[in-house]
């Protein structure tokens, strides 16, 4: 099977992924993790919520934590180019007969909530409060010095279908893994903002959120975070890495927040703004696909993910297995 | 004077800056500089030309050297999104009564040559030969390990006019310097591809090319280049840096090629894909504007530039002076 | 059991570890590994031998490869302070009734060969040809940019005995691992030159050489080597890392040469010149001892080592097991 | 003139430079600089003093600040190997008819105060309170993450005489600058602990302290400090750098504390434990001596220094001038 072509002229213009909303069970514990350890900046908080931004972001938030009894993902949010795009997007989802609900979201302009083909709750907006820049307030930098939210990665029970759905919205595939036996997609990386991805899908029980990634300047920031977590009680929260992915060429680290939400810290992928950028194909049997340096990922990395609130999960259609650390 | 708003819906879609064509007086000497020292990859060469690409680029060239009796700049090239955009761009320039000449350029599809408001020779194309990726062929990396061409910076005798011209083509200003006394722009940084700039203008005798920049992953690559140049006969070609610009927040180094064409090596600017990204204003009197750490630039940096072939130069309309090293 | 005190005033002054002599089965293949990939500089070679030095060394060699039918370690060499120290050292070993043989070693002054308590073949010299410095010849740097040989690590069947033997020669223990159940040493790190170690011992079938380490400036050099090895046919030679040891605090990578001799690339340990520097004690059950970030080492790392020519191996006296990756 | 040989077998064993005692005029202001900005750790403080150590040091202090009306240097301190060495050292200075005064210094064992040939106040001790290690308490690291005190550099009015005096105490010269016209030394770098220097001398009005240096792991730590100082009110305290010295090969930054005491942040020099390490000779006329990359130092760097309490200053005997930035 060849990769389906993506839509160069989608009905509406998604600029980039914007923010994630996590349910967390202990707000203070999560605050310590995201603010004190990772180094995200708090832009607002009350007894039920915390809003964060990363160091070079001027939008009000890239992450919202909401206190809850269960740890879940409430929504993945995307920013569209203009109010016209927002209305076209709402129309687009309505035409697909996906529910479209206009919701109030603090610090954001008009926002609607819908879901993708698999049920992942998505929210779209075009305007968010813009804050004064802090990227040159170097006294604020600490932890891993996160610069910006980079991408989401989701488990999908049918990656072909997920890719097809996002293709139509103008997401462009940059790299993908094929299961040669079934001829089906096993994973795919798709972008809007000119990096390797805003959204990726990996074969597995889905839909679930595999991870949310933040971009940092150099591998040394990641090493600093490892040293800090290892000596402040978070050693068990280090799941995988550091390493370099074959796919995306990124230097990575995966850590788990206190509720088990997986965060990737990530640097050194590449620019993909050319519309004729050729997707790179990987074979599921190639171990360097997952780690260029050869080390396989732990089993948990292929199995654990966060549930989306109220969304049921299905078994994957592809039954091939990745290479897992013994 | 307030900054004129840029055009969010230009007539045609410029994806990014693409390549520069330099006339050089000694091809072997320039080859040694760009290939052996900087680390650009040669994609073709004959007795009159050398074509280069950087490590993560898949287009055939980001720089073309042409043997000549005089060192000049033949053109600055930009990639547009599609053939439709290319024809609309040609029509746009014709409507402005700028000459539009369709030219043959090896390894490129249909290409036309025109000029901007100040006479800078511009070329536009939509298609270039795509080469196999080399960003994971680590044995090829050397020199400063350049990943991609990043931007052009030009002297303009009237920055307000230059900015207005590029505004209309959809370039968005990210940062700018104002001369408070005259109320005029002294410099501006404008992007298409989602970084701080594809094109910048600085007040001076113009039009001339101030520099062409390449993006590298970390400041340590720049330190490696300094060590290499300093011990292989190029110490006099190091003009300014290393340092961090206040504007753009980038870590920089400026070096001169054997003909005096200025090259910037650059990392760590920030993402600007949001259409409502607010331009950052700087005062011409603020020394941290040019170097965050306080050191002023040498006089040569404000005065020396490369001529565009056949284009005459005018004195600047703003007469204020930047802060220059004593 | 408490750690036996080391001898602050040994009979002779060992300056530092100096070089290793490996038997290798394919000289060309080993040359490609050590010269082209790791980046050691060849200082002499013929059809039977290759001599290498690292970038900041001025002595003629830190590694000698000798062509052979079997891959073994011929000797570990140490530099003493003066000719007086050399003769005192020879006298010291004779008094212990260890064989002392004066040998001819190219590029070295007077040199004798003996062995330690466990049979490890040791050579001592005070004078080696000094070469012109190359640490500022930056065009020569490549591979991992190794700056100097740093230490040896050996399997010992009785670490208490090994430590006692080297204690008497003035090696000072900086860190050690104790098996709490038996009260015996499981591992120890001992220095002469003011870093964490010139010589270390780990419990196992011994004596065998566990690894030889080279010092590099930053973790990014190690990441560069990983990228290079992973994409030039050496991915299977990457054994463990990158990571940070709890012990020594060093950032590490372990790779295997084409014959299976293990090489560590190493940076960021600490200075230990104070004679009252307190040894740091670690518990064998503490997983952060081996990797601060928590990941256990692979089984091969605890089991595989290089034999010393003509030296028989014994089972370890301590039977406790370290934590091994599942 | 050739460099006078150093004494391989001095009467007493100096292990390393140990600490500096500065008089400062505003303790709170200095505390903010050294603790909050540079990142030294406070080990004790009262209304008159602050004691600091760096991250990998286990001795109680590497810097003592004493409140005073004038900003001066009270003493440079050195650690000797043992109490026997301490008494031999006292005897040595008495034999030279230098005053030897036994003084009480908190957290130190027996300590005496004397002076060198030029009058620089020196203190020697063998024992200091040892503190628990903090080099793996990564939550404490901030600022430039200083690991250890590295060296002193002093203006000397007669560098030949200063070198001769320290030669006799076993300091070994690693690099030196000669004024070819007069045949005299213009500068020299001398070590005890196995790096490029514990003590250096530069020609100038002396004796005065030119700077005290701290060692950090990588150039990126220095860039972090520049960013921090530039955006927290210390931009005027940045005097020179970042750059690489030809001499010592070190990557450097010079900053001034609130009283004008100069601090160097320094990394990547080389190991010098071999007693037959050849000193490297530099010509005063070689600009790469001061900065490998060619940029000359500012005039202040050659002229400004800290006075030693109660010590009068003389004009230099060599009248040649270094290369100074215009």
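Lettered A, B, C and D in written order, each chain numbered from 1.
Definition applied: contacts are C-beta pairs under 8 Å (C-beta built on N, C-alpha and C of every residue); 3 or more make two chains touch, one makes a residue touch a chain.
As the structure is a prediction and not an experimental result, all values here were calculated from the model.
**Student:** Which chain's C-alpha centroid is most distant from that of subunit B?
**Tutor:** With centres defined by C-alpha atoms, farthest from subunit B sits C.
**Student:** B-D versus B-C: which has more C-beta pairs touching?
**Tutor:** By the number of C-beta pairs in contact, the winner is B-D.
**Student:** Taking the mean of the C-alpha atoms as each chain's centre, how many Å separate subunit B from subunit C?
**Tutor:** Roughly 50 Å, centre to centre.
**Student:** Where the CA atoms of subunit C average out and where those of subunit D average out, how many Å apart are those spots?
**Tutor:** 33
**Student:** For subunit B and subunit D, what's the span in angstrom between their mean Cα positions?
**Tutor:** The separation of the two C-alpha centroids amounts to 44 Å.
**Student:** For subunit A, what residues touch not just one other chain but two or more?
**Tutor:** 136, 218, 220, 227, 230-231, 292
**Student:** Enumerate the contact residues on subunit D facing subunit A in the complex.
**Tutor:** Subunit D reaches subunit A through residues 136-139, 142, 218, 220, 224, 227-228, 230-232.
**Student:** What part of subunit B is in contact with subunit D in the complex they form?
**Tutor:** My answer: residues 218-220, 223, 226-227, 229-231, 235-236, 238, 242, 244, 251, 288, 292-295, 325-326.
**Student:** Which of the residues in subunit A end up touching subunit B in this complex?
**Tutor:** 8, 15-16, 56, 58-59, 79, 81-82, 127, 130, 133, 135-136, 147-148, 193-194, 217-218, 246, 249, 267-268, 270-271, 273-278, 280, 292
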